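There are structures below to look over.
Across the two complexes that follow, chain A remains constant while its partner is chain B and subsequently chain C.
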Partner chain A sequence: MTSVRAVRTVRSVRAPGRWAVLAALVVLAVAMVSPFVIVTLNAFKSPAEYSAGGPLSLPKGLYLDGIIDFWNRVDFGEKFLNSLLISGAVAIAAVVLSVLNAYALGIGRVRGRLWILVLFLVANTLPQESLVYPLYYLSKEVGLYDSKLAVILIFTVIQAAFGTYLLSSVLGQFPREILEAASIDGAGKWRALSRIVVPISRPTLSVLVIFFFIWTWNEFFLPLIFLISNDNQTVPVALGVLQGEKMMDATMSSASALLGIVPAVAFFLIFQRTLTRGVTVGAIK
Partner chain B sequence: MLKIGRTAAAAVLAASAMVLAACGGSSDGGGGGSSSGPRTLTLWHYEGADSAMGKAWAQAIKEFEASHPGVTVKFEEKGFEQIQKTAGMVLNSDEAPDVMEYNKGNATAGLLSKQGLLTDLSDEAAKRGWDKLLSPSLQTTARYDDRGIMGSGKWFGIPNYAEYVMVYYNKDAFKKQGIEVPTTFDEFTAALDKFAKAGITPIATGGAEYPAQQIMYLLALSKADRAWVDAFQQYKGKVDFHGPEFTYGAQTFADWVKKGYISKDSAGIKAEDMGVSFIGGKFPIMISGSWWYGRFQEQIKDFDWGSFLWPGGAMAPGSSGNLWVVPEKAKNKDLAYDFIDITMKKDIQNLLGNSGGLPVAADPTAITDPKSKELVENFNKLSSQDGLAFYPDWPAPGYYDVLVAGVQELINGSKSPEQVLDEIAQPYNDNLADIGN
Partner chain C sequence: MAPSPARPRGRGGYWIFLIPSFVLFLAVIVVPFVMNVATSFTRWSGVGTPTWIGLDNYTKLFKDERFWTSFEHNVALIVAMAVVPTLIGLVLSAALFDYIGKKFGSRTASVLRAAYYLPQILPIAVAGVVWNWMLHPSYGAVNAIFGTKVNWLGDPDLALATVMAIMVWFQLGYPVVIFMAGLQRADPALHEAAEIDGASWWRRFWHITIPQIRPEIFVVLLTCTIAALKVFGPIFVLTRGGPGNATMVPSYFSYLNFFQKANVGYGSAIATVLALIIVVVTFLFLRVQERDA
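This part shows the complex of A and B:
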């Protein structure tokens, strides 16, 4: 009881500060959410309403034609499946690759691992624009230009570069005792990886899967270059169809943006418990 | 695990190889005529389905399929940005389409023609009479020389529509102030003055994008002749940025801001917002291109509007629209030529005109919609007085941003017209040195 009272008094003493924090958070939240609100508002407006009232006016009714037209115009279902396939494949493959790399670098203590990590980091910071031409020629040589596989391979490597860097430092802290105990029990390197390292670092790995998925989902530039046919395109590339040379269709762009955001947000909401768990596990360590 | 991964990868590879093979097979029949089985014409463009071009070209696809039994048209709508960013790479690969829409200009079609990625259309243009359908100023953007500079040399593209900058006006607002449609430049400035005195900013413009620089260019054009335009756009002579043309343009533009004809806040306004503010009736005048026409026809419901040619001179920014180009690596060039030919036919051109577009080879009497008629007649007048002066940002790569920055400084009053002219002269002259003039 006494401790509760103590906490209460501390709380009331801190009240003004807390209110300031709350106010700052509210302002921040409004700033973060307002673009989404504006996009949503305009997605349900007819072009005439938009022209008459500007972007901030409230829609008079629910105008769904923008969304339906856009869906049909770009065959959104197909683009959605493409994005899902590419992002899903990249997320899984990049995490598998990262774990294998990081196992060698973080736990295996390969010679020169610091330099290997620096190399990965440099690769990770390279702007994609500088990669375009080499990748274009390579993919043309092997006959993968304009194929989803090219994009999957490229992003698996790009994301795994970051994943390797991150996981190597995480696994560098891995308790040696557990591994030694396992090896005394007769576990080989493969067994130690699959039965001990992966299960223990699963929260971190799931966070990586989610991040890789969302990052790949939102990628625009390389898919724009490599997915030439409309049958192969991803959601962000399809959104680009609406931006004309001198014209933009604000309401349909909003409708398309809404369609484009929803899957990523939904994915995030479904897995956000995993996310927070992964983050807290990291924090306790 | 590993084994499964490998077989899956092999399966994907095999599948993509099959797709590739299928693509190759369907297009191998080039030149052989109809006996070689079903063929496909791959067509890309980036005009919205509701736009005038979108409607006309959809009809052209139908007619093409009707007149070419056994050929299917595989049409893909592309984004403008995707074509801009990837055209060079796509056209250099086996994925090139048979015919596509592409931007006119030295930095786009000119560059690709120089790299050998576009098919020379000169023979077809002569054989099918496209060269007779297109007026000389429209041909400028269709022909490129060995350096990729427009205006002369071989035909690398065929424009299907045109565009020009005009004055849009709100008839109701004019009536309210008792202003007649101005026919001379003095009447025009008098009208602007009357609005300004009544507390209304007359001209809607956007300094953050192309509209404001086109107004400055228009003003410069009122002191210019065709030789000056040729010098500026095609490097056929020296351009003095402190000569009477640009000095007048920049000075008058700055004066208009000072007098309240152009809002001081317009430096940060984008083209889209300019259009929306005119549609919303907030400004009585908007000076911009024919690409707004179809949208205004559809969306302006609350007031009566019209357009007239720039009263300040015989020339205005304008040119052919984007081009049909045939990639050098296209597999069905004969079909591509047939398709271009259909889009140049009277009925498709008339449809384009009646949908709010600006056809290049329409029959003026077949344009029935009164608003569209006004657009086409004004264009024919401008074209017949050799008035298409292209766009100010064309002559040098990256010049668009230079002009945006310069005109914004004029609007903000942060630099004098002379300083701004110095600023925009520098990149222009640097480019001249680069191309060896």
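This part shows the complex of A and C:
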């Protein structure tokens, strides 16, 4: 709200006004980022330092025991690998499914494609609560409950529903001449898909892989229900479930928050270039 | 699905590519959804045979005060996750794009944009962990900053407002980024012409900026409204619906009935109503957007 007020004053007092706008926006930016900074600062304090200086003091040195202690106690490495495995498998499998569907819908233009697309869109908007109990029940029946495979299968379908929707419109614009030329040269449908459609749509596909990876990494509800044993938990589930545990003191809690933040920031930095490129691809389309 | 004879050779038969998805889709979405709707007409604890009770769960639902309260909270969260971020996001993106960007350089604008976007990259459960720490009544930083001793999430009068504020913090970056991308697409000539004609910043914002990024506003409102209706993670991590029912939402309410109270039939009814509302909201949005375009 401060920025609205600041923007209005600009008109009356021109010269200092632009600095007021900048100042208001910078203050807001600091406020947005401050939780990250404060959590990080406290993760590197010893409990004694914390009780002496409170949450807002600067750490005197790099005290790593809180982070190491928390890491070992929850076996964070294992949680990290679980998240990596689940998100990676979903990202790849969901893109494969999306490509197959979009090939049939966008290029093959199979009959009833509009209804199939609507169905995928509805599937993507359905709340997971309306699927969770039957999925829970069925996965127990077939012996997949509390397995990473169950979560991978479910999210592959959910993400592919979105991917199909997006990719079908992209492939709908695919240059027909290329496909016709390939067909005249005797290439079958599978060959056309693997040798022409996939390589040409590669930038869009890599953006989808990244989206699916991050979205699956961030998921909480279904992994919370399906991955009950400790060795199967993902990072968000492990951190979410530990909230309010008695053993968690101030510095260890901030260490746990930091361990949740670091992978998210790392992925963002790693993937940022591909993503910005992908957003431009989408804009051109 | 037979290939039509009018088509050139080799054009038909694409449906074979849909088979893997068809099988998985049936197993993961269609069958569970139908089972969920069927279960909503029964009394069932999750073991043994469900008892058919017709519409009893639904009549009970409409008289259940907790259910109505949970939907009121959903509306509050739509305000916090869709309406407020869209409004603030409009002002921020316009200010960054055609004020800061022009007077202080686009680098300053993108640094500020990145700062607003930062919360969005967190898994929502981790955002909850961060705020649980910041708001902790005995060791949290928020009380230290303001010199207060408030139990932000534990006070029934404050808990919902606190969750709403956290959600505004979490969501804000999304509209800012989307709207700024939209503004880049918009035609700068219109803006310049209006500026020469002496239109104030506010008038240009209202009559030029907003109409130009209407599609983006639509997408943001739709996706954020759906996200607000589905919200579960932050409630689980921050308050578990409490204190009392102060932050109860339908998704958490159905979770409670499924997995804590063994009222599977009742939980299914809640989930079915929630699904219905979300599908209806989506179609309404798309309808309005179509008429608009």
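The definition used in the following text is that the second predicted complex is superposed on the first by the 220 of 285 C-alpha atoms of A that agree within 3 Å, B and C clash if a C-alpha of one lies under 4 Å from a C-alpha of the other, contacts with A are read in each partner's own complex, and residues count from 1 in each chain.
The rule is simple: contacts are C-beta pairs under 8 Å (C-beta built on N, C-alpha and C of every residue); 3 or more make two chains touch, one makes a residue touch a chain.
Computed from a predicted model, the values in this text were never measured in an experiment.
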Which superposed partner A:240 touches (first chain B, second chain C, both, neither): both
Partner chain in contact with A:47 - chain B first, chain C second, else both or neither: first
Chain B versus chain C as contact partner of A:131, first or second or both or neither: second
Chain A residues touched by each partner, larger count belonging to chain B or chain C: C
Which of chain B and chain C A:250 touches, first, second, both or neither: both
Chain B versus chain C as contact partner of A:145, first or second or both or neither: first
Partner chain(s) touched by A:228 [first = chain B, second = chain C, both, neither]: first
Contacts of A:81 with chain B and chain C, given as first, second, both or neither: neither
Chain B versus chain C as contact partner of A:154, first or second or both or neither: second
Which superposed partner A:181 touches (first chain B, second chain C, both, neither): neither
Chain B/chain C common contact set on chain A: 50, 54, 136, 224-225, 237, 240, 243-244, 249-250
Touch list for chain B against partner chain A, complex: 12-13, 16-17, 19-20, 46-49, 51, 76-82, 85-86, 89-90, 93-95, 103, 210, 271-272, 276, 279-280, 289, 291, 295, 298-299, 301-302, 322
Touching residues on chain C, where the partner in the complex is chain A: 1, 10-11, 13-18, 20-21, 24-25, 27-29, 31-33, 35-36, 39, 46, 88, 91-92, 95-96, 99-100, 103-104, 108, 111-112, 115-116, 118-119, 121-126, 128-134, 136, 139-141, 144-145, 169, 172-173, 181, 185, 200-202, 226, 229-230, 232-233, 236-237, 250-251, 254-255, 258-259, 264, 267-268, 270-272, 274-275, 278-279, 282
Chain A - residues contacting chain C, complex: 1, 3-4, 7-8, 10-11, 18, 21-22, 25-26, 28-30, 32-33, 35-36, 38-39, 42, 50, 54-56, 97, 100-101, 103-105, 107-111, 116, 121-123, 125-138, 153-154, 156-158, 160-161, 164, 183, 188-189, 193, 217-221, 224-225, 235-237, 239-240, 243-244, 249-250, 253-254, 256-257, 260-261, 264-265, 267-268, 279, 283
Partner chain B, residues of chain A touching it in the complex: 47-48, 50-54, 73-74, 136, 140, 143-147, 149, 224-225, 228-230, 237, 240-250
